[in-house]
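By letter and in written order, the chains are A, B and C; residue numbering begins at 1 in each of them.
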Amino acid sequence: MSAATASELPASRTGAPLLEIRDLHVTYATGEEGGLPAVRGVDLTVERGQIVGVAGESGCGKSTLASTILRLQPPNATVTGEVFFEGNDVLTMRWGDLRAVRWAGASIVFQGALHSLNPVHRIGRQIAEPIQVHTPGQDEAAVTTRIGELLEQVGLDPERARSYPHQLSGGQKQRVMIAMALACDPHLVVADEPTTALDVMVQAQVLTVLSDLVRDREVGMLMISHDLSVLADLCDKITVMYAGRVVESGPAAQVFAHPLHPYAGALSAAFPRVGDPAARFAPAGLPGDPPDPRNLTQGCSFAPRCALAADACLPAEPVLTTYDEGRQAACVRIGR
Amino acid sequence: MSADSSAAPAAQLSAAQLARRRRTAAWRRGWTQFRAHRSGMVGLCILTIFVVAALAAPLLADRSGLDVTAANGPVLGPPSSHYWLGTDENGRSVLTLLIWGARVSLFVGLLATLISMVIGTLMGLVSGYFGGFIGAITFRVTEWFLVIPFLPLAIVLSTVLGRGLFNIVLVIGVTSWPGTALLIRSQTLSIKERPYVERAQAIGAGRRHQITKHVLPNVMPMVFANTTLTVAIAILTETTLSFLGLGDPTRTSWGTMLDDAFQVGSITTGSWWYILPPGICVVLVVLSFTLIGQALEEVLNPRLRARQ
Amino acid sequence: MSAVDDTTTKTELSAEGVRVEFTTRSGRVARALDGADLVIRGGEVVALVGESGSGKTTLARTLVGLTTPAAGEVRWQGETLGRNARSLKALRRRVQLVLQDPLGALNPRHTVYDSVAEGLRIHKLVTKSGPTETEMVAAALSSAGLRPPEGLFLRYPHELSGGQRQRVLIAGALALQPALLIADEPVSSLDASIRGEILALLLKLRAELGLGVLVVTHDLGLAWNIADRIAVMYLGRVVEAGPTEEVLTAPQHPYTQALLSVVPEMDRLEPIVLRGEIPDPTRIPSGCRFHPRCPALASGEADAVADLCRGTSLPILPSDPDGHRSACHLVASRVSTPLDHRGEAQR
């Protein structure tokens, strides 16, 4: 039962990818000169039935990227570039079309979703909210049935609709957030750190739900995480971001096992493979701290922390170059 | 791991010097933030004017002007070049009364607030931090005092203690502490659960250390912000009590001025210069404290500050 | 491994049969910890692994006396820990707990200097003849990897990065020169690229200062990275314990096997995704507490001992500092068969 009938999605262009981000720049105005550049030229594509992972840590711009897809960036943010959803630019859409896209076209599972639930409303009512917004006038019974379906899809007992958030565990709350994101049958789901606060077993359950979803309903997914191993398991393609730019991109298994960019290498090494003798008593990390977007260095923004940094890295920010097998990386030291 | 630009030979500084440095830095920071609040600065200016006037009363207006027997102005005379705010029913200059009255009103307000703050903070801390029997008892006592209607209690206390300046201070202090106690209690309850209090416990701190070094410093900002509001209320209360005739008969305060003005029928005779000035002064002082309190709360509350 | 000398071999903190209960609002008794044995010695890193609700944090807190056990004992250097303030204070001088969430664990109104010096002041460790307080604070900050330490003296926690805050917390613990460090989720709130440095710091402290470290975590990769021994907890009990290499390459207990199999990129194991969640601690299953979710029971592999699994509860797993043990009827039945159990690796 499709719930996105009352608000009509804008017609999609045939052949267009589900999501295409072109040269996105997002800068927050802070009163200082230049502001805070959160996203500095990102290109990204997601097709139907594909899971694309975005890997990065705090300050890399991934959460800004996620909210900009639905034009949910804060009012003090300046955005340039294009975000094509099924061929239509979200950033310049009419308000009516945007409202339809939000949730019925694409939905987001926010970071820290566990804290996004309203503690004084029952779960069922909170899941019903987007349904009622997009298809007003539906009768109670239909909505209740739909909520039951959604809860079952994410592996929860439909009876749970009557619970309050504090009666659920972390994993259950996260699944409720996913159910909410599915409420209007979106074509694209953006998941921002969906399993970060969860135990490894619950994480496995949630990831199973997500991958089943993509497989069964041809939904496209953009998954954001700082855990490269989780992304490698789940995603088809991984894009690694650092200081607002893409530093590496390619097939998930390749990026994880044989990263080209030193930062991707560090991220991959930060989550050691259990059973790998080389990882015993050898914790791998980077010196320094994740970059402050206000104080980016001249040239490659990763150079201050890079073991391979050389003079060639200083003049300008490295350009994203394409290598074979669809792999891209932005580093002047590859192969040298 | 970047070096602090101002701490050149910091390793040679002793702990006490470091503490002093840190404190002055914190004060300077707080003052800069406070200065940015226009309303707070307005309040501060108004308050300063009144405090200076109160302190400099002997310089501004001769004390003999308060003496009823020495008064030789017209009865309820309107403002003139000689008497800028006119005269009261005894021929005394209203301006002189106002300036000297400021002393009493401010003094009572501040002292009563001090008593109220001390009792309230103590009770609030104890009932918030200690669970079990002690906490329950102190909380019940607080609630009991909260529930007693203020005015009847004030009247009863005044009658029992007799009229006098310190008695008024006592009355106001004793009846206004529960509000502070409740506020401090809820703040204490919240801070008690913070991880850093638990860390202090894990390091080996006893209860006294936890309360004095962790709970109290984080509760004090709320206390300060609340204090300014309490002063405002105390001054109003003193005015009310004096207006009701419970004030110190030997001293003039703004409240007694209002009472006297009312008694001699200033409204019917149209002697606005007798009623309006004390009333306006009370309003201005209360307003200034409120503005300062609001600005202080924003400066001292880290959560509000973090949003900037 | 660190050099074993007299002082480190004697350092020992142990929990025996510790049980922690609390009463829920509905009046039922929840067993956060239902009989756990654990021993930590100086000079080794032990990982206490489990999911939320396993009781690992409760056990850590009980070991430093922040939680009072309803039954069982905590022993420090062989002597039972008293409940009075003095013995607790004496224990905390030697065993330090580093909390998770570095931002919350530091008093926002105290400078870095104050936070690190706090322990020194409480235990009055600054003597007239020895190093000054400032020197001791600087030394602690340096040991935690914050150099130059003087530059951070006047900073406030919100001015530091996540990694720096965690190091300040560790420095605060090191200032007391403890024998044991208990770290609760030391890197879970930190960015991926700086986790390595904090973990390397813990290893360095073990190597250079002979510290014993108990790391409480839900991350098996972390245990693989730095732990000598590992103890896996489920619903208030330790279900498997032993040397890290053995437990994580040849796990015996079905729960450990399942946990290991779902670690991302665990290619050599078929993922066993358990259904449901850890049961409510007020309703601990009868028999083996894991049996309702046990894949071995569900698949028929444990048919021979199925009655035991459902009906007979297991004894508390004793803390064997050198061996590899599991609390499981199936494992016990295999060990007692005449077959060479060492050759029968689980996978």
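FYI, contacts are C-beta pairs under 8 Å (C-beta built on N, C-alpha and C of every residue); 3 or more make two chains touch, one makes a residue touch a chain.
Remember, predicted model here, so these are calculated numbers, not experimental data.
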{"item": "Topology of the chain contact graph, where touching chains are joined (line, ring, star, complete, other)", "value": "line"}
{"item": "Most distant chain from subunit A, judged by the mean position of its C-alpha atoms", "value": "B"}
{"item": "Computed distance of Cα centres, subunit C from subunit B, in Å", "value": "51"}
{"item": "Centroid distance [mean C-alpha coordinates] between subunit C and subunit A, Å", "value": "32"}
{"item": "Shared-contact residues (touching 2 or more other chains) in subunit C", "value": "164"}
{"item": "Complex interface listing, subunit C residues touching subunit A", "value": "51-53, 161-164, 191-200, 203, 218-221, 224-226, 244-245, 248-249, 258-260, 262-266, 268, 271, 273-274, 277"}
{"item": "Residue numbers on subunit B that touch subunit C, as the complex places them", "value": "1-4, 7, 10-11, 13-15, 18-19, 21-22, 25, 194-196, 198-206, 209, 213-214, 217-218, 302, 306"}
{"item": "Interface residues, subunit C side, partner subunit B - complex", "value": "64, 66, 85, 88-89, 92-93, 96-97, 99, 101, 104-109, 111, 113-114, 117-119, 122-123, 132-135, 138, 146-148, 150-155, 158, 164, 169, 172-173, 176"}
{"item": "Residues of subunit A defined as touching subunit C within the complex", "value": "57-58, 169-172, 199-205, 208, 226-230, 232-233, 256, 263, 266-267, 269-276, 279-287, 289-290, 305"}
